[in-house]
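Below you'll find the structure, written out as structure tokens, and then a few comments.
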Amino acid sequence: MINDKNSQKIVDIIQNWARKQSIWVLAYGTGCGAIEIPPTMTSRYDAERLGVRGAATPRQADVLLITGYLTTKTLKRVIRVYEQMQDPKYVIGFGSCTINGGMYYDSYNTIKVLDKYLPVDVYINGCMPRPESVLAGFGKLQELIGNGEANGATKYKENLEWYRANQKKIIPNWVMPEYNW
Amino acid sequence: MEMIYLIFIIFLGGAVATYLLGKINGVLRDITFLATLIVPAVLFYTQVSIGQTVDFSMSGMNLQWGITDFGYIFAYIVLGLGVLAGIYAVAAMKGKENLGFFYSNYILSIMAMMGILFSRDLVSFFIFWEIMTWSSYLMVVFSGKDVQKVGIKYFIFSAVGAYAMLMAIVTTYSLTGSMMIDSLVTAYPGFDFSMQLLIPILLLIGFGVKSAMMPLHVWASGSYSHAPMAYTAVFSGALSKMGIYGMIIVIVSLVSQIPEGHWFREVIAWLGGITAVGGTLWAVAQDDAKKLLAYSSVAQLGYIIVGVGVGTPLAMLAALFMAVMHGLFKGTLFMAVGAIEKQTGTTNFTEVTGLIRKMPLTFLASLMSIIALAGIPPLGGFIGKWMLYESLVGSDHYMLVIVVFFSSTAAFLYCYKFLFGFFLGQEEPEWAHVKEAPAMMVVPMIIMAIGSFILGVFPGLILNPIDAGLQELGYASTQGRYWEMSMLFNEWGDKVVLQPILYTIIAVFVFFFVFVVAKNFKKTRYVSTKDISSSGEIPKAHENLTFSRGFFQPFLRAVEPLMKHQIDPLYTGFGRGMEAIFDFVRRIYTGNGQTYALYAIIFAVLLLIFKNQLFGL
Amino acid sequence: MVGSPVLLIAIPLLAAFLIPLLGMIWKELVRIIPGLVLAYMMILSASLLYYVLENGPIIEVLAGWRPPIGINLVFSPFTGFLATIMTFLGFIVWLYSYRFKRNVEFEPSKKYFIFLMMLVAGSVGIVLTGDIFNQFVFIEIVGISAYALTAFYTGRNAAEASFKYLLMGSLSASALLIAIAIIYSQLGTLNMADIADNIHLMDPRFKVIAMILFIVGLGIEAEIFPLNGWAPDAYTEAPGPIGAAFAGIVVKAGVYAMVRMVFTLFDVSGAVDFLLIIGLITLIIAETTALRQEQLKRMLAYSSIGQMGLVFVAFGIGTTEGIFAALFLMLNHAIIKPLLFFSGSYLVFNSKDKKISEMNGLGKYMPMTAAFFALGSFAIVGLPPFAGFWSKLSILTAAANEGMLLIIALILMVSVVEIVYYFRVVNRIYFFKFDKVTSVVPHKPRINAVIAMAVLGILILVIGFYPDAVTGVLHQASDDLQNTQQYINNVLSVGQTLTN
Amino acid sequence: MELLTHILGAIATVILAFVVGMSYGGIVRKITARVHNRIGPPWYQNFIDAFKLYGKTTAIHHGWMQIMGPAFLMVSSVVTLMFIPVLTNGGWFPNLNFEGDLIFLLYLMVFGPLGMALGAGQTGNPNSAIGVTRGLSQMVGFEIPWVMALVALMIQFDTTSITGLMEAQAQSGTWNMFSSPFAFIAAVLAMLGMFRYSPFDIVGAPTELASGPVSENGGKYLFTMMSSGSIFAFVKLTLYVDIFMGGADNLVILLLKTFSIYMIPVLYGIVSPRYRTEQAIRFFWGWPLFFGVLALIYASIF
Amino acid sequence: MQQLKANLIEHIKTSFKDAREKDYPNENRLDFYVNKQCIPSILTYAKDRLGYIHLSHIAIVDWLEDGEIELIYIIWSPEEKIKMFVRTRVERENSVMPNIDMIWRQANTYEREFREMYGIQFQGLEGEQDFLLEDWDGPPPMRRDFDTEAYADDTFFHRPGREDAQDVREAITKRSGEEIPDFAKKYSR
């Protein structure tokens, strides 16, 4: 109030804390990684104690969890879903396939490097990563959010043209609403 | 010249003039039409005073016309709705064929309704009743769709009702020697019990048909949906109220005078309750807006009949209030459907979607009317429902409360279906060209929607005349007495103490509006309805994602046992059976001369044989 | 007093003989002169009626013979009223059919108008005469012209219909003749008033037989139930205006004869009730049969029979009110049913089968005719504010005053049936799509026909909006019929004054 | 001055309802987790979620109705709350408590969901509409026994006012749940549907309907819905306590009573699978309806 | 069973002159080559006359060396419990096949897949839009002469770091002493 910048800072700290404590996950379960989500959420590993909870639609979600390989076809949908999410939003790449293509490195229809198309905040390594590593990934994400460093969405916004160029290379027939946040 | 005559002469002359001008010039015709509606309305409200009567004699019967306090309530509905729907009709029917006919018929039915309200004797009552019937019948068949089925069905039912009424009228005449309603009321307690029973039953059959009471309602859905919407607004809003008008007179002035009248009223109330439930369930099942509103009208009339049947002062107040409200909101809704039909060419929920941004004013009017229909505060529908429940609980009709409540809850389903089906949902490119209806159609709707809001907030505006009307029927003044039962009505009427509620609503609304929307308004952006979270899929332009088929399938599956038994097939079967019998009778005329000669001889022989019995010799 | 009632019968009969001769001078005279004669008859009877209502009945004695012996004409309010309706209708029918179709091309065209004139004259004769044998003669005159007119179109069907009519007509004639013979043998008089005065002297067995024979004979003319088999065929096959004339004139004469016999001639107590019963049966059977008809005129014919049944019901109530109602209904029927026949025959003008199903969408192309048909339909089913309503109301009030609730219910039920079949047609005319394949080719009515229909239509509206225009006459007429003794006295006193 | 007290009292009521409702929600999540043999989130997790949702920096709308939907819901909840007597003597929260009428309340409670349904319809998402139709159908199901229970009470005490019912209980000294047990049973069974826990959570089934009516709403909309839902839960619980358990004299008793009654749907829901809509409706028109009729008979005899 | 098979072959051979039997040891299996133009007629014949009402599968083999593609329609009779393999071959370039989805609706799915993945055109095949591949403009990817790795390297980004990756199979061969077959070497790293 006295100093606008300071008060904004305080608000940011509180909000970041809240965002960190409440992570609603939209799991895009295309690949084999989807099978690792149920144990993560249920009794054995209980991600809910960390505030991690499933969201049903992109409008409500904070985190887009991409569990596995993305074909050119599914990439389109993932981009769509990502753009439908509301700021602040984060992306977790899950499994080797999202990092470097994994076992699909030579497939004619599977993208290999996710972060060229979407701003990934956290990668979780493994084929497949076990729930422990998933939780670790969430922990890392919480840490980043808490520090205000998880700014993938901002990056995406700023470098939209670069991302678009990459995306359009894969998806020549581009019909999508404008992204104009 | 007596003002009452003048009103009817203007109506009649206007009807003829409109018809004739329709052959010459469209604009002149429209102007005459509107003038014929507006001038008598103005004359009526300014020049005709309550209790003023004119007497004359016709075909040896003494007739009397004059408006009463009680009729005045209905005159509000008839003339108000008649004028507004008339303005609407001019725009809505533009470009149709045969408009002179339509308009003159419209005027005739308004005239007939006014005539019914003016009639203080049974003959002119019946005459106007029949004029109303056939003019509305001509409207039902005006579109030329399903004429032999729907139109004839309506007319048969109306005729049966009217003839039942006529029988009661002539019986009354033979018993009292007078055609005056008042003399019937005075002489009624002195009749035989059988006559005491017969006359109200016959009259109620007549009124029950018009007010779509349960076993006599089967004409309603077809007729309401087949008439042009501009007329259906009047048809459902005002014309059906004539049945209620008569029914109240019968219930209150006749039946209540005898001790057995209690049972009579119970039956009526229960019939009303069943009507409400059946109408609602069938309304939920409809996919066509006209049909939906038609069944909804049946259901709403059911509530009114419940109120009439229960017959305590509060119930009567509720029934009359709901009658006025129903005229307002159902008129608006039918008009809205008409506007949509004009703009899109269809009224089916499965075809039209997402008109909210194209026809915002129509949506607004429909929304307010639907809220009123559903009986949600603060719009007018609630006041009526509330009074009805209070009266039902107060008069120990416990099961009826449940029945009415069930119907009223299930009504939310079709209310939502109506709004969703037309206005909400996906905005399809097929309807991208749709524009808001012309101003002459929108303005009456908006006026009526605002009217139902005003009556919800200031019910005293109409409750006072209703109270006066009820006093004329012999009820004690209810002014303020029942309204104290709840804070809602504490000192309501002229003064408004609903202010706290209203302030709260407004404050909270503004607060959250600012809080949720305005604060980040710049960051809240509009996206089209194609941009929805459907599993990351992007719906293509031709892909219709709207959910409109089998809208309430699960509910209908659950209530299937209730809807299994219909009365319509029964009537149809009866009709078929009668036709078969008639066809058998027809064979008497063989077309053979010898047979006819034989008939003559047999006839002569039979006369000879039975001469003693026949001629008493 | 503007002229003698005798002229009502004498002039048309005279004209009938002269017309063929005049036709040799100028062909068109064959058609114009009957019109003039009918117009004269209409004016004469109307002015006579006006006189009679003021001054009491006129009893005209023919050839100077005293009433019990000679033939006399009685122009009372009742008979005058009927005669006025008949002559009026005769004129209207002439006006309508003046340039009706085919009557130019066909050879018997000149006979058409002559027969029409004879038909009217005979019917007026039936109504006016005070002598039963004379009545029989007039019935034969009417019959012969009617047979001829029925067969006017000279087709197979027309001939068959005419033959049926002829067959029934001869049955009627023989029955009547025997009945008259019995009465004459018993009482030695043919004068109605005299018979009525002395009927109690008659042997009851003969009386009943005579009456039954009368009922059978007149019932055929009056279309009561089992005796009306000829009617639908005759109405259907005869030219449209003749159907109207049958419904408006001939049947009225039959009803008059029947009613006169029951109310005046015989003192049998059960006869009035018998009228009620037989009327009810006729009404129900005819109306239900009408519902299942496919041809327009046939439907109208059955409707006409049904209306006559209703008239008998009204007479059968037996009170003055009942008679008033019956007369009112007869008046309305005489106006409305011709209108229906007139407009109906133009609607199906170009059709071969005259089916109702061919009338789809004609309202758009024949607006006037269709409007008249609709008006007629509305009126005949008794919808206010048209003429039919008042007669229906008066019948119902009359019945209610006698406590006949069941009969009221039956009448009203039948009315519903009536509504169904009339509105089916009206719906087809107005609210169905015109279809070039199935619909009739529209035909514009000629101006004289439009005038004829318009006159009737206006009358319907006038009576509908202002029934008091006719109720005065009707009341007097019904009083006149009810009061048998006065009739006897009137007629016989004329005889006495002549003697003295 | 009096007006100021009124307004402050009203604000305090809203805050109380919000806090209590949210906390109850969190506790329910905790309890559910314990039943699932999980640790579960902290009891204040709902506050965090709400705050996070409120902190979302962007939002979309498909038209004005979507914006109005949550606002309708909030208005309805708060206004309904204003008419509920929170405490018996009304000491701390003197809102419009003492004039409340049950029938008025019943209709007022529908206002919000219907507005919400309109908002959901405007989004154009078919899942929203499907969810709404299911919700409305289910509502028809449970309203019947619920109204039967209420009517039975109205008959028994010859009043339609909530305060009237509370006074009657105070006079007789027994709670209505004992003096008219059938009505209580019917009302409690109806409550199962009213709270939309399993097995009656078909309305917003997350995996089947993508959370149904709210599927297009995120951020602030969801925050508004969540908070008004909490207030609404408090309203319903307080209403039950008021009419069946004699109301509460102070806050502690209120919390105890509301919590204990809240446990019924929660515990029933945790161990239940999910009904289809027509099954749910048939459930409500089975035993609950039977108990409702019994309650009516009981009430009209005694 | 042999008798039945012989009968069937007799039937088919009399009806379709160019049908050429391919001997196969399995006793409830019938196998023969036909001309591609005969495919609809022989399948209709088998379905309507012989009772082979069920289309189990349509298999496809890319005979790169022969320059032909083989389609195998596998149909089955539930009464005789015999599987019939109807084989035909089409040339690889500009190949056009008769369409059979009016005989079995489910053939449509196979045919659309073949169209996209193998580039075989079917006459009058319904469903113009993309089936499995969206926006594909390269050669049919399932043909054996399509080099998927080169394509992937061209099209997609490549994250460095895999270059020094060991081929697991080499380690396995070392351990177990087996040889990597020649044809597999192309795919080893």
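Read from first to last, the chains carry the letters A, B, C, D and E; within each, the first residue is number 1.
To be clear about the criterion, a residue touches a chain if its C-beta (ideal position, glycine included) is under 8 Å from a C-beta of that chain, and two chains touch if they have at least 3 such contacts.
Since we're looking at a predicted model, the values are computed, not measured.
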Shortest walk length in steps over touching chains, subunit B through to subunit E: 2
Innermost chain, where centres are averages of C-alpha coordinates: B
Chain separated most widely from subunit C, comparing mean CA positions: A
Longest centre-to-centre distance from subunit B, chain (CA-based): E
Interface with more contacting C-beta pairs, comparing A-D to A-E: A-D
Centre-of-Cα separation between subunit E and subunit C, whole angstrom: 93
Euclidean distance of C-alpha centroids - subunit A vs subunit E, Å: 40
For subunit A paired with subunit B, centre-to-centre distance based on mean C-alpha positions, whole Å: 58
Interchain centroid distance [CA atoms averaged], subunit B/subunit D, Å: 36
Junction residues of subunit D - those touching two or more other chains: 57-60, 210, 215-216
Contacts with two or more other chains, residues of subunit A listed in rising order: 57-59, 76, 181
For subunit B, residues contacting two or more additional chains: 523, 525, 527-528, 530-531, 533, 535
Pairs of chains found to touch, sorted by chain label: A-B, A-D, A-E, B-C, B-D
Of all residues in subunit A, those that touch subunit B in their complex: 28, 57-59, 76-78, 80-81, 84, 175-177, 180-181
Contacting residues of subunit C [partner subunit B, same complex]: 160, 163-164, 167-168, 171, 175, 204-205, 207-209, 211-213, 215-216, 219-220, 226-227, 229-230, 232-233, 268-271, 273-274, 285, 288-289, 291-293, 378, 383-385, 389-390, 393-394, 396-397, 399-403, 405, 408-409, 412-413, 415-417, 419-420, 423-424, 427-428, 430-433, 466-468, 471
Subunit D residues within the subunit B interface of the complex: 10, 57-63, 65, 67, 70-71, 74-75, 78-79, 82, 96, 98-101, 103-104, 107-108, 110-111, 114, 117-118, 121-127, 129-130, 132-134, 136-137, 139-141, 143-144, 147-148, 151-152, 154-155, 160-161, 210, 215-216, 220-221, 223-224, 276-278, 281-282, 285, 292, 296, 299-300
Subunit E - residues contacting subunit A, complex: 133-135, 137-138, 141, 146, 148-149, 151-153, 155-159, 161-162
Complex contacts: residues of subunit A adjacent to subunit D: 14-15, 18-19, 21-22, 24, 42-43, 46, 48-49, 51, 53-54, 56-62, 85-88, 181
